[in-house]
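Report on the structure given below.
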Amino acid sequence: MGNLTTQLQGVPLNHYIYLSAIIFTIGVIGVLTRRNAIVIFMSVELMLNAVNLLLTAFSVHSNDPSGQVFVFFIMALAAAEVAVGLSIIVMVYRNTKSIDINVLNRLKW
Amino acid sequence: MEQLLLLIFLPLAGAVITAFSGKSAKIISTVIAVISLGLALFMACSFIPDASTQFEANLPWISDLGIRFHAGIDGISMLVVLLTNILIPIIILSSYKHDYKNPSAFYALILFMQSGLLLVFTSMDAFLFYIGWEAALIPVYFICAFWGGKDRIRINMKFFVYTIAGSLFMLLGIIYLYLQNPAHNFDINAFYALNLDSYQQGWLFWAFFIAFAIKMPIFPFHTWQPDTYTAAPTQGTMLLSGIMLKMGIYGVIRWLLPIVPQGVHDWANVAIALSIIGIVYASVIAFTQKDAKRLVAYSSIAHVGLISAGIFALNQQGMQGAMVQMLSHGINVVGLFFVLDIIYARLKTNKIEDLGGIAKVAPQLAIVFLIIVLGTVALPGTNGFIGEFLLLMGVYNYGIWAAAIAGLTIIFGAVYMLRMYQNVMLGKTNELTISFTDINGTEKLVLYIICALIIVLGVYPKPLLHLTEASVQHLLEQVNQKLNTVN
Amino acid sequence: MTIEQLIWLVPLLPFLGFVINGLGRNSLSKGLVGVIGSGVILASFIISLFIFFSLNGDAQKSHEVFLFDWISAGKLHIPLSFLVDPLSSIMLLIITGIGFLIHLYSTSYMHDDAGFGKFFSYLNLFVFFMLLLVLGSNYIVMFIGWEGVGLCSYLLIGFWYTNSAYASAAKKAFVMNRIGDLGFLLGVFLMFNFFGSVEFAKIFPQAANMLPGNNTIVLITILLFIGACGKSAQLPLFTWLPDAMAGPTPVSALIHAATMVTAGIYMIARSSVLFDLAPFTQNIIAIIGTATALIAAIIALTQTDIKKVLAYSTVSQLGYMFLGLGVGAYTGSFFHVLTHAFFKALLFLGAGSVIHAMHHEQDMRHMGGLRKKLPVTFLTMMIGTIAIAGLPPFSGFFSKDEILANAYEHNKVLWAIGLFTAFLTAFYMFRMMFLTFSGKYRGTHHAESHIHESPKAMTIPLIILAVLAAIGGAINIPHVFGGNAWLEHWLSPVVAQHELGLDHATEYALMGVSVLAALAATIYAYSKYVKGAHVPVADEAPRSALAKLSYHKFYLDEVYDFLITKPLDALSKFFYRILDSKFIDGIVNGLGWGTNEASKGIRLLQSGNVGFYIFMMVFGIIALLLYTFLYI
Amino acid sequence: MGTQVFYFVATLSIIFSLMVIFAKNPIHSVLYLILTFFTFTVHYVLLNAQFLAVVNFIVYMGAIMVLFLFVLMLLNLNKETEPSKSPLIKIVGVIAGCCLVVTLIGSLKAATISSPLILKNPGLGLVENLGKELFGPFLLPFELSSLLLLAAMVGAVLLSKKDEVEA
Amino acid sequence: MNIIITISITAFLVLYAGLFKANKALLPLTVVGLLTALGFTFCAWGGNAVHYGMMQTDNFALAFSGICIVGTLFIFLLTQNYFHSKSDNIAEYYALILFALAGMIMMVSYKNMAMLFVGLEIMSVSLYILAGIRKKDFASNEASLKYFLMGAFSTGFLLFGITLIYGATGSFDLDKIEAYLIANPQTISPIFYPGVILMMIGLSFKVGAAPFHFWTPDVYEGSPSLITAFMSTVVKTAGFAAFLRLFAGALSPLHEFWMAPLLVIVCLTLFIGNVTALFQKNFKRMLAYSSISHAGYLLFSLITLTPQSGSNVLVYAAAYTFASIIAFAVLILVKQKTGSDSFESFNGLGKRNPLVALCLTVAMLSLAGIPLTAGFIGKYLMFLNVMKEYQILLVAFAILNALVGFYYYFKVIVAMYFKDGAETELSTPVQYKVVLLISVVITIVIGIYPAIILNLI
């Protein structure tokens, strides 16, 4: 496996950054264009993953394991957030029978 | 020093006591105000009328920010301190015929305001000055907004925001000065010693001037004033017009002139022009006012315009005139508002056209009212004349045309004041005024004191002039010296 | 007892009278009030006499008495001090003397008035201020008196304040005086700037060394003259004086004839040194004086109110005095002040007597034939009329002719107008006399039965004044009649003197012409009102254009109303309703309103829609990144 | 040859993630998301971060995605219930996204770190290595993460359970 | 370290107590726990311990910890009569608040981005739940969902920022980042800059600065009042401490760079916060906007970095925290009585409840920045701070905004004293009285003699 990865090296760090930025932005676009709370939430996960990827790339680039540890924390957060987020969504759904974010606009002005 | 601290904090302590005194608030607050007056008179007697600062207290306060509790009294301060301490008991006495709800709060606020005012008039630390400046504003806002008349909430909010707008810009200026001061403190003498270039002085002038101009008020920053005076309870109006307005004038003398003389020098033309426009403008408006209180409010604008013009003329006569007129205007305007309050308390109206013929049924009121009116129109022999004469002379030294236009006040003043007096007091009594009863009890006491002050100060103003002379001279020398070194 | 020790008593006594009468106006009996009121003036008069005579016998003609420092600020020091010199001492006599007579007269005239005590306290106060005016050793003390008499004038004109018209007249008097006062005050300021003092004793010696035509002095004198115009009722500020007849008649006699209105002349005479240096101002004074004399005389021709006639005659006579001042005849003017004080006080008191008898009827159209009912009044008034008409040898002849002679020397046109005015004066005065006293009674029959001569307290002052009016001219009999011109001599240390450059023949001729004119006027009046029994038409009746103009006082009040009062009121309303409320306050409120509207608008951003929020956030992020990386 | 694998996988990542946000049916979105995550796992492997690859596989694809699916099924939202936003908003959203990517990349563009990624320590991403790091310097946050998870747990229970009292 | 442990243990104990339905024991337990934590805070004072290279308990951290703990304590005291009627899950609420507090302690004392991140998320996750604690209440639901979605979204940006900074410096440690900046002033990696901006964005979101403030009003309004009080006071303070720790500490060498975007944020925040608050009819929502505006003033401390920045923020935050607690306490009382949190429900309050009205007045004066209250000193320090760089125009702008502030803060005073209302008599429990009085005393004492906390840091 080490061999394989050694062979695959040589991708400029830039490209990892671009890839992350693009995926991150795709996540943002998802948040912007969708109304389904769960899909929006999934888009957020997409953003987090983009960050994870970038962190790992930086970690490898600077030969420092702390970046990958950080990814671990992010994953922990993602797990926690998913639990809380989905329970919130479920709770909202129970009350409104909808997970359309536009339904929720009583609080305004 | 102990005396000064006592002078400042006695009313504050009194305010606390009064706040918890329930029904007897009237008496307690009167006693405290009278004790303060006694203390102030005692201090005035032991005051040596030279240019020095006396009774100086200089205690550390917020040392990290360079803020000290630094207060002292010189001739100029002494005069306004006296004014405050004379008027507060009078104002409290004048409220005796009213049964305000929550009297303890009412009188506590008055005493609280007294402390704030005294702080303003004695502080020698800019920060302290600012604290006092606001501390005086809050109580009067509550007095006016709580016990006021129609539409009081909106009007007082406007007044409050307007004045505080000015004072915040003053705060800006104070901070700027503080930062300029190498010693990093707010000491007035350090501020005096600063050497600022004319650009800095220019904008500092405006930062301070607008605050003071709003307080006084000077045209065109005056529009809060007639509404507020009209809507406030009379004691509030008295506080506002009698004492609070002097904060602005005092501020100009104490903080504006010596700190930014170059700015004053560069912008005095504008300041005087505004003041003089204000005189004529407010007088002309006063001609056709239907509400007597509003008329007096406009007349106050005119009078203050003259005071301000006299100060910015930057000469001894104008400045001394301003000093005397501060006191005189305070006394007169309080008298005027009190008379209107008496009328309002009895007839529930201050509409000029509803009144008339009161002199027939209340001859004593007619006489004291006349004396107060005459004091207001600056008849020689009354206190108003000394001030207005010196002020006009001061303005005259600035420019003959300025004096000629400013002098219109003595004509216009007579026109609107006598017009009001005629329509209110003279003529035939009508159904409304026929039931009018003459003044009695505390009303008599208050009005007689006011009339006595009007005449005594008019005939023998020398102690007053003597009190302030050295300080004023010193101040002007300071200003001129700084101007000369800059140029 | 020296002058210094006594002089302060002169004003103090009337002041005490004021205080006592003022405080005790309800508690003291009328008799006591009268005694106190008149007594203090009498005492003052006696002291004034003493002072006058000791001054006469004194080599030092000027005494300055320092009382206390009044105002001092910087270089300005104003002591409250008195100056006793020939000019002021003689004024003291007039004020206290005539003042006393009028007080005496008032005890009877006002006896039935509810405000008896108040009236006397006001009168005392007036005398006090007038004394202050003439005694002041500087312009500021003079100004105290100057404004003080204005105040008393206000109080006394508005004495019957329940009548709104009277109260308005009082206010008008005060305000018009104030217009002049502003001029006076500015003049004083200029003087202080120029001479460094407001003391007579410091100004006049400096001025004496100056050359005429100095611009500053011209300005000073013009400003002072404006002050005098207000006080002495000259064009264009004279309209208050006729209205001032609203006050009780003794007031008219005291204030609006004998004393206060002459303050302007006193002041100019006092400052004659300055005025001499300003020929330009003098010309103005002469022209205005002449114009005032003429116009007032024309108006007087058609007036039907007995006091109005006298009021306009006062204005007219004051015009004469200013003419005299303008042509440099300071002594002549002052002489006229003196004689005018006698006969005008007399005439007013006489008119008061008539009014008293007629139960406050003042319209001459309802009088007539009173000669028999009021013999003393008629006789004394006749003497006054002759005096004012300038018929020899009564006092008015001398003083008026001195002015006219000086005017002739100065400018023939002024003289001609003055002469014509003299003719008019004689005419309207006799018209008044004839309408009042001769012919048939024109009032109701009931009223006629109540008419009777006034009591002694009223007639005695009339008689004394009549004597003075008759012989008062003696104090300044001109050299042409072999007199020693005592007054001129007496005033010479104070007032600038001019040698009359006319030869005696011319003087005689001038006198002859004026006497002829007066006589002609008398005869014309006699023929018209006694022989022709002409009675002025009712108010509404049609008149010729000129008569209308005269009757309506040249519509001056209306013109002022149109030119000043109305525009000011309109301006006031404009300022208040538009400029103040809408514009200035509008800006202030507009700021508040704008913020509120902004709040209303901006709060809509908070749409409640999460999608929008996130969109705004993204937008913010993009903008922030762009801002940071494009501009930094 | 090696780098081409990266670009291939990267393209797949982008395509799948686009499918996630543009799929009409939420279920499809979830499935695409799983695919996307799979490509990420591949990326981790490529970066020699084996541990992360495993964790990503287990946690994301295993736990989190199942949870999503579960909730979607629970709420019976598998149909195309979502009333899609108006096209305008979508277009604006996409444009905003494009702007964001342009600005992000633009601001990163200055980053001329074109140095190729060289693995200096092949054992970097191994459990052993990471474990030392995690229980060494990062012990504290690691321990405190338990608070995070506990809070989430309490919260999830609190919010999801039917509350009888509060009615 | 001890502080976090104490708080965590308290949270566990509370959870256990909840398990055994010992509802009565919850509050005493919590109070004891918090007081112990406070005690540890005092004990650690003056020391500058670094724990595991992750947490630095310097005075800055301790001072802010202190404020957070005291604030939380007050919030707990206000639970009297608040939760009991609503639910039997009080233990969980308590535990969640305590978890959030633990997160905040991490946020104020972090020395490593990982700690910041974990702390922030512990706090945020707890708050997402707390916001939605009223499960049947639409408003609460909505607040929770909005907060959650936007919070998660903003976390993405924060993480992206952290990542970029890590990419540039190769470390998450603040000291190392600072050392990197100082060592390479000219050759800072270009990806560092967007990293800074993105972190700023992420943190701005947490403190509710414009244009990332949109969640604030809705969430504050929708959440239960007590939670709103918690969010708008303690949480905000912690957010600022975190902000300050990063930007005034590690990133201070780049001050010139990030000052410009921060200036934009400050101006927008001030303007939007104040102007929007003006038109509000609802007291709670007004407080939300006012909290936005206060975020603007607080950010002033970052515009000019001085050694005093920390203490300035401390004074301001203390002033703001205690005044807001008073405001919310009164709001809760009023809402319990009248069922409404609009301004009208305050009408005539002053007549029947002079004490409560006086306290609220002091709070409003303090929030408005009237002298002799803590709020003035705070504002003054902020203005002074900015004026040092002679950003006069900025101060002038802030002053204009402060003016608008006077208007809306006085609205409630006007309502209490000058408007006639139902004259409701509030039932004020003892604990409320204690909280109100202590807060008022603190507000006034700081206002008159700020020296007591001015030199803490």
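Residue numbering begins at 1 within each chain, and the chains themselves are lettered A, B, C, D and E in the order written.
In the analysis below, contacts are C-beta pairs under 8 Å (C-beta built on N, C-alpha and C of every residue); 3 or more make two chains touch, one makes a residue touch a chain.
Keep in mind that what you see is a predicted model, and the values were worked out from it rather than measured.
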Centrality ranking, top chain (CA atoms only): B
Higher-contact pair (C-beta pairs counted), B-C versus B-E: B-C
Distance between the centres, which are taken as Cα means, of chain E and chain C, whole angstrom: 78
Whole-Å separation of chain centres (CA-atom averages), chain B against chain D: 70
Gap in Å, rounded to a whole number, between the CA centres of chain B and chain A: 67
Between chain C and chain D, centroid-to-centroid distance (C-alpha), Å: 102
Per-residue multi-chain contacts in chain D, two or more chains: 85, 89, 92-93, 96-97, 100, 104, 107-108, 110-113, 137-138, 141, 145, 148, 151-152, 155, 159
Junction residues of chain B, two or more chains touched: 161
Interface hub residues of chain C, defined as touching at least two other chains: 592, 603, 606, 608, 610-611, 614-615, 618-619, 621, 625, 628-629
Interchain pairs in contact, sorted by label: A-C, A-D, A-E, B-C, B-E, C-D, C-E, D-E
Contacting residues of chain C [partner chain D, same complex]: 611, 615, 618-619, 621-622, 625-626, 628-629
Chain E contact footprint on chain D (complex, rising order): 104, 107-108, 110-113, 137-141, 144-145, 147-148, 150-152, 154-155, 157-159, 163, 165-167
Chain A-touching residues of chain E, taken from the complex the two chains share: 113-114, 117-118, 121, 125, 128-129, 132, 135-136, 138-139, 141-146, 148-149, 152-153, 155-156, 159-160, 162-164, 166-167, 170-172, 191, 217-219, 221-222
For the chain A and chain C complex, residues of the former touching the latter: 28, 31-32, 35, 101-102, 104-109
Chain B contact footprint on chain E (complex, rising order): 365, 370-372, 376, 380-381, 383-384, 387-388, 390, 392, 395-396, 399, 402-403, 406-407, 410, 414, 417-419, 449-451, 454-455
